[in-house]
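Letters are used for the chains, namely A, B and C, taken in the order the chains are written, and counting of residues starts over at 1 for each.
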Amino acid sequence: MSAISTGKSLVLNKVVTNRNVIMRRIGDVLLGIVLVLMLAPFAFAVLTAIRPAADVANDPLGLPTRITAENVATAFAQMNYAQSLWNTVLILFGTSVLTITLGSMASYPLSRIGKRWTRLTYQLFIIGTSVPIWVLIAPLYLFMRDLGLLGSFAGVILIYTAGLLPVAIFFYTSFIRQVPTELEEAASIDGAGSLRIFFLIVFPLLGPMTVTLITYIALSVWNDLIVPIIFLQGIQNGTIMSNAYALLNPLVVQPTTLFPAILLGVIPLIVLFAVLQRYVIAGLTSGAIK
Amino acid sequence: MKDLMRRKATILLAAGAAIMLSAAVPALSADQTLTVYSFKGTPGQEADMPAINKLFEAEYPDIKLNYVALPAGTAYESKIQVELLAGKSADVIMAQGTQLTQLSKNGYFVDLSSEPWAANVLEQVKPFFSYEGQLYAMPLLGSGIGMFTNMDVLAAAGITSVPTDWPGFLDALAKVKAAGYTPIAVPDKLGWGGAMTFLNMGSTLVPSTWADDYWNGKGDFSTWLPVLQQMMELDQKGLINWKEQLGVDEFSQGLGNFKQGKTAFWVQGMWNISDLKANNINFQFTAVPAGPAGSSPKVFMYAGAGWTISATSPNIDAAKKYVAFQARPDISLKYLTADGGLSMFKGAPSPAFEGVETFNASYGAGDFSYMATSTWFGDGVQEALGSKLQAMLLGQITPEETAKALDSIGLRKQ
Amino acid sequence: MITKRPLVAIGFLLPALTAYGLFTLYPLVRGLWLSLTDSSGGPRSNFIGLENYRRLIFDPDVHSATLITIQYAVIVVVLQNLFGLLLARALFERPHARRVIGTLVLLPTLVAPLMSSFIFSYLLAPDGALNRMLALIGLPGLQHVWYGDPTTALASIAAVQIWMYTGYTATIFLAGYLAIPRELLEAGRIDGATSWQQFRLIEWPLLAPSLTVCVTLSLIGSLRVFEFPFVLTNGGPAGSTMTLTLLIFNSTFHAASKFAYGIAIAFALLVLVVVSAAIATVVLRAREARI
């Protein structure tokens, strides 16, 4: 009986496997095509960045026949690259620390207490995910002036933090809800205070979400143009993006200026993501097992 | 031996300290730092401003410049707008177009009407830099908007000179096409190219009194119907494919395409001159031909950037010195040569660009019209007009319908 | 436990509430006040009550922009999540390729939106790479003036956003896949479920939390889209891609007389985003709970 059924299922398995193998090859090819399509625009930018200006003028879409580092080097110097990289990293670091600390702390009562006032507070925060920045610019500027924070990284960090807190709270509350409360209860019985419980027990469990949030913060801060331009002064205080933007002449946008600026703007982010990616996937996986 | 080294080091240190001190002294005694906001002089568009600022500092050693340059556009405009609102901005501020008028209206700027250079400003451009009769800005840059002609392509089609009237233009376009080249490019993805062609042809075809009349409530856009019809005629005769032009970007693609040398004519602004020259393109820059046989076209200008002084500046005297310095004919010429523009002062020299002689001659002879940004073409009209023209170029509405629609777009005095 | 100590709970909330209140809510309220005036962005303005809001209800430009914005959001939300899901599944089934490809597909997400727009502006120009490629593979009939034709312009703008964020969406879905208990998937396989049945009955329901996040994020992102149409079409051709954000921008920046009106439209957009995001979240969370 068992032998017969095993034999039957072997045959069946073989048929299924053959079909699966074919399907899988087709899938491989499709995945390859998608990957090429996704990377092609990026490759176009990189290839244009390293071609001499004259070649690009003659044949904007051609493959590089000669390679030059000149465009990239010029952009590097004009962007005041090392300084603007440092500035951006400082701002990003400050924003991440503040957003993560304040956001996770606020999410803790918001997700653990199911009262009317916590729901209302949560909704108040969520409105912030959709506020267009230019509605805020003028009032914010006047306020920053009164606080004496114009032209300071602290001011910019506060603006970004306030802007990103809603997203942080959106991410964290949904995550904390899935974290079981037994550990906290046990700690509470042992006499631990709420701050201790939060920072020693709950916060470490939020690791995967925190890493995902950092990627989100990095994207928002790194690629923002308007806040550094309005609230910071001069190229020596500028961020990567605001200084890359300064290279463009809006009336005569030259591909050989534009693409190196794109490239230099994105390289540090690629490095950051390559490092974080390990943790993202690892974190997401561990989060999944829970 | 060791002692000697130590002594040497001491001397070096002392010398270093002395150098540092001597460098610090003038900075300490300099009584003024003048902050200047500008959209000329960025790394992407130097416009010779760094050199001009050096000259200024050499001539006024007691004034130190803090020159902040950002590309023209939203970011720059919103920056100066919020800063002026907050009463905390630069001393000297570059502004242009409708924003300049608006900021003057809000009382943010110092009245410059009685500055020594003010008397020399061309009467025709004064309105663009004034509000209620007071002059609030030093006109820095008049930009010609017109047509670039690739003379090599023209020669290949057997034509020796740039056409000046409509029949001649059509003829030239047909010949160029027959020779296997693209006759004319008017990139219009952002709605800018179509609007500029429209205005440029209008400066020849529409009577010069029309703008004031319309602003004051007389007349309508039916006067512009011939312009609209001629724009469509180009497409009907197969000389341009508007639908394709609507997919080409004015500011990031037109220049690149023209430089490839396959196109005879291209509608754009003077600011491309230096790049074309650097790429050894044999070009002429003229007005777009539009008038009847035997006529010559009027050139079309945009009153661009102007220098203003913030009313809250603590350094108004120094600021006035800086603005007057920028107004000096020799300095202005230096800037205009680098940035590709014409002077808006009476009798002041404009750069003698090669290939722009005809245009300059018309301008010098007063045969020009300026984009009416202070009257009917103000506040948001460019976007609306560009969009409506796109609808016509796509064939969604006829020239007649377009002319009617424009009546609700152009501004009238209130 | 924090649940029993409301004062401590408020202490946890206070820092975030302070920062958010001072630097987002307070300027937002000032902006709301501005929308009730006839301000032109300058120091002087008069209170005019709800006049700006009354005006926008009857403004055909606002109607058309709202419609275009919603169309755009539908295109982006549907395609971005569909492609993201397919990509995530492909990566889930290929554990060895996951790490490298997972990083590569995130590359487009990292490019600044302004810069991506320029890249696509070149690629989709009439003589750009896409049209040349179509000619090369023998499909010249498909060549098109992508950004110049009202029928394709909006979708061609959406393509940039989809290109940028499909990888990001896939990462979130992939996390969802990795969260599915292995036993469930294997049980399905042993029962001889087809790939589609497996997806339909096991994966799709269990991906609900990821779907909530992805749909909400892409919905908010697409309703607030600005850089792409701003660089690529400026609302054209003939107004066919004039989104609400562009309309707000043109009012507040290109027409001082409409400054306060533009702010009022911005608040209308804010309501649209909040309402649709709330609906999406409620529907999707309810679905999660059902499953």
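Note that contacts are C-beta pairs under 8 Å (C-beta built on N, C-alpha and C of every residue); 3 or more make two chains touch, one makes a residue touch a chain.
Remember, it's a predicted structure, so these values are computed and weren't measured experimentally.
The touch graph of these protein chains is complete, with an edge between every pair of chains.
Just to note, of A-B and B-C, the chains joined by more C-beta pairs in contact are B-C.
If each chain is reduced to the centroid of its CA atoms, subunit A and subunit C end up 15 Å from each other. Taking each chain's centre as the average of its CA atoms, subunit A and subunit B sit 39 Å apart.
Distance between chain centres (mean CA atoms), subunit B to subunit C: 36 Å. For subunit A, residues that reach two or more other chains under the stated contact definition are 60, 134, 138, 225, 245, 253, 255, 258.
Contacts with at least two other chains are made by residues 78, 81, 85, 252 of subunit B.
Shared interface positions of subunit C, i.e. residues touching 2 or more other chains, are given as 41, 118, 122, 249.
Contacts from subunit B toward subunit C in the complex involve residues 74, 77-78, 81, 85, 98-99, 102-103, 105-108, 188-191, 243-249, 252-253, 257, 379-380, 382-383, 386-388, 390-391, 394, 396.
Remark: subunit A residues 54, 56-60, 78-79, 134, 137-138, 141-142, 145, 150, 225-226, 229-230, 233-234, 245-255, 257-258 touch subunit B in the complex. By the touch criterion stated above, subunit B contacts subunit A in their complex at residues 42-45, 66, 68-73, 75-76, 78-79, 81-83, 85-86, 88, 251-252, 255-256, 259-260, 269, 271-272, 275, 279. Contact residues on subunit C toward subunit B in their complex (touch as defined above): 40-44, 118, 121-122, 124-127, 145-150, 232-239, 242, 249-251, 253-258.
Touching subunit C in their complex are the following residues of subunit A: 12, 16, 20, 23-24, 27-28, 30-31, 34-35, 38-42, 44-45, 60-61, 98, 101-103, 105-106, 108-110, 112-113, 118, 121, 124-132, 134-136, 138-140, 143, 158-159, 161-163, 165-166, 169-170, 174, 184-185, 188, 194, 197-198, 219, 222-223, 225, 241, 244-245, 253, 255, 258, 261-262, 265-266, 269-270, 273-274, 277, 280-281, 284-285, 287-288.
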